[in-house]
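Following this line, the structures themselves.
Below are two complexes that have chain A in common, paired first with chain B and then with chain C.
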Partner chain A sequence: MSSFSRSAQQWATFARSWFLIDARMQPPGKIATMCSIRLQGKHKPIYHALSDCGDHVVVINSKHIAFSGNKWEQKVYSSHTGYPGGFKQVTAAQLHHKDPKAIVRLAVYGMLPRNLHRRTMMQRLHIFPEDELPYDIQANLTEELPQPREIPKKLSEYTREEIDAFPRLWTPPEDYKMK
Partner chain B sequence: MTSRGTPSRFLRSVLQNGVGRYVCQLKRISIVFSKKAQSSLGARDFIEEGVVDYANKNPGTVVYVSPQPCRVPKIVAEYLNGNVREETITSKTSQQISELLTKLTNQSGLEIIRIRKPFHTDSPSIQGLWHPFTNRPPSIGPLRPQKPDSQ
Partner chain C sequence: MAARSVFRSLWTSFAGLKLESRGTNLSSLRTISIEGQILEVPVGAQPPNPTAKCPIYRWNLQNKYNYTDVLLLSQFIRSDGGMLPRRVTGLCPEEHRKIAICVQMAHRAGLLPDHKPKLPEDHVPKRPKPKLNRYLTRWSIDSVKPIYKTGLKWCKKRMPVGHPILKNNVRYGVKPLYIKH
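On to the complex of A and B.
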């Protein structure tokens, strides 16, 4: 936009955008990397650590994130209240039940740089457990980012024609009993 | 003092001097010296030998020579942007005074304070500066989440 005046060009270059990420059926770690890159401003060619060039990120459907493997039962989130005997350990499933936003929030927090800017960047991260957004946040959104993981289709979502078109590996004999 | 407590400026040229023709920024030079004192010896020698050549070489600069009873001889240089610089020439030789004069002639009149950056450009970009929508592919359809249209 070469027709901009100097101040308008400066305003345009350093403008803060709002991104939307849908976390339905996505691994929270992949969501968190995308968030942390945009919160720091590393997706911009004008990035500098001191110039506060991070953007806002809105994560929706954080209640429907999907851990791979057995992480819902095996991943442990630990904390300490500071008092003796206050060491608490909860599994990911328990934490998610108590607070559906916590897993995404903790994942992003761990991926941001460990300096004083981290808290400001976390304030620019907005997580919502479901689809509903307040109107003022919805009005600010500029881009929706594509989901990192391709959601596999359930068998019930395939059409009859697609199932029939799938090549058969072997034909069972007449008296074969399917389990 | 710290660089925050003292004034500072950005690197610039006066109206892009030199891109077209070069205009000498020195407007007026006044040599104030004494006719008898020891400290103005070099000044008097310079006025004997060098000042006429200097004035002929710099036709855009007005040279004033003012002998007055003064203790410390000085050169007062005034520039086109209004800045005034005074340099004392006590016990300087004629050669040193002419070197000082060439230095003052070659200066633009901008203040001699800390320059914040050693570079400056009036055209920071040929292809256009980046803004968040360069290289951003247009989004397909309106942004989610959306209210389902009521049937």
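On to the complex of A and C.
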């Protein structure tokens, strides 16, 4: 901005912003890519891996994420406690029931670069299962990001006029008992 | 073209009921009569291709609909969510299958909340099932097993998304359709 003084412009460029993402009815993978890009700072032209230019990201409604396909039943999250016989495998549905934040957290963790900065970037990621945010995080938010997936409308959400404006594709025969 | 009348209800009949009251010997006859009316539905828009046999081809919607187009799909389903027979709707076999699959996916995505099967009044669900949001589900929820060993990259067991019958749908972007995730 030309109206800013040099020091104010410098401060504005290197400030750490707080982004908000609503994960309702969104695939967790797409949410995770958006988070990982902003946590690393790759959305900024001043990006450098060593310059710690990542921002904070707040994800809300992580309890209401939507998986495509049958991934709730098919996707398996594995872990090992380190002890013999400690190999645990849980499906996405079971893991989500136990901890609604885990799926988004694990997805973002897997998308960040595998170096020592990853843990600090994960500390800057804040996931909330529902809409409620603590007041201090709410006060810090600067921008809300658009949702990656367009949520389709249910049949009950269409107005009477829209339903009537849609043409009838076929007419039933006269002697057929409808529905 | 004259307006096609839609026959709303077929029941024009007497249903005689015999009531035996315990004290007296009289049997009172109760008749229930339901009258059906042929309603005149006003003429809507005309199809751009009236000579085709299948309604989808008549309106040139061949490869253009998806599971999200609930206004289209709701015209081919019953009130409990089942598909209407092909001999009644007049759909060609491929389109009937495509619509059936899209209706299945729409049901699983929760886009048709009012078309659930009617349960008896005293039905109590055994345990509350978790309501998970999903979309583009190809297989039925109870029939799918978890993939415990996904395999290496060259032999990975993929998780299918969507349905290959819709692979010819019109795509307005450059990106190809990913069926195997």
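Observations on the model:
To be clear about the criterion, the second predicted complex is superposed on the first by the 168 of 179 C-alpha atoms of A that agree within 3 Å, B and C clash if a C-alpha of one lies under 4 Å from a C-alpha of the other, contacts with A are read in each partner's own complex, and residues count from 1 in each chain.
One rule holds for everything that comes next: a contact is a pair of C-beta atoms (placed from the backbone, for glycine too) under 8 Å apart; a residue touches a chain by one contact, two chains touch by 3 or more.
What you are looking at is a predicted structure, and each value in this text was computed from that prediction instead of being measured.
Partners chain B and chain C fit side by side in the overlay (superposition on chain A).
When the two structures are aligned on the shared chain, A:81 is found in touch with neither chain B nor chain C. Of the two partner chains placed by superposition, only chain B is touched by A:133; chain C is not. Once chain A of one complex is fitted onto chain A of the other, the partner contacts of A:115 are absent, as it touches neither chain B nor chain C.
Contacts of A:3 after superposition on the shared chain: neither chain B nor chain C is touched.
Seen from the C-alpha centre of chain A, the directions to the centres of chain B and chain C diverge by 150°, a value given as a multiple of 10 for the model superposed on chain A. Once the two complexes are laid over each other on the shared chain, residue contacts for A:177 go to chain C alone; chain B is not touched.
Judged by the number of chain A residues each one touches, C leads among chain B and chain C. Applying the stated contact rule after C-alpha superposition, one finds that A:13 touches chain B and leaves chain C untouched.
For the pair chain B and chain C, the model built by superposing on chain A gives 21 Å as the shortest CA-CA distance.
Within chain A, not a single residue is touched by chain B in the first complex and by chain C in the second. On chain A, the positions that touch chain B within their shared complex are 1-2, 9, 12-13, 15, 17, 20, 22, 44-46, 60, 131-133, 138, 141-144.
Chain B contributes residues 128-132, 136, 139, 143-145 to its touches with chain A in the complex.
Contacts from chain C toward chain A in the complex involve residues 4-10, 44-45, 47, 55-56, 58-59, 67-68, 70-72, 74-75, 78-79, 88-90, 109-115, 130, 132-139, 141, 144-148, 150, 159-162, 181.
Note for the complex: chain A touches chain C at residues 25, 64-76, 89, 91, 93, 96-97, 152-156, 158, 162-163, 166-179.
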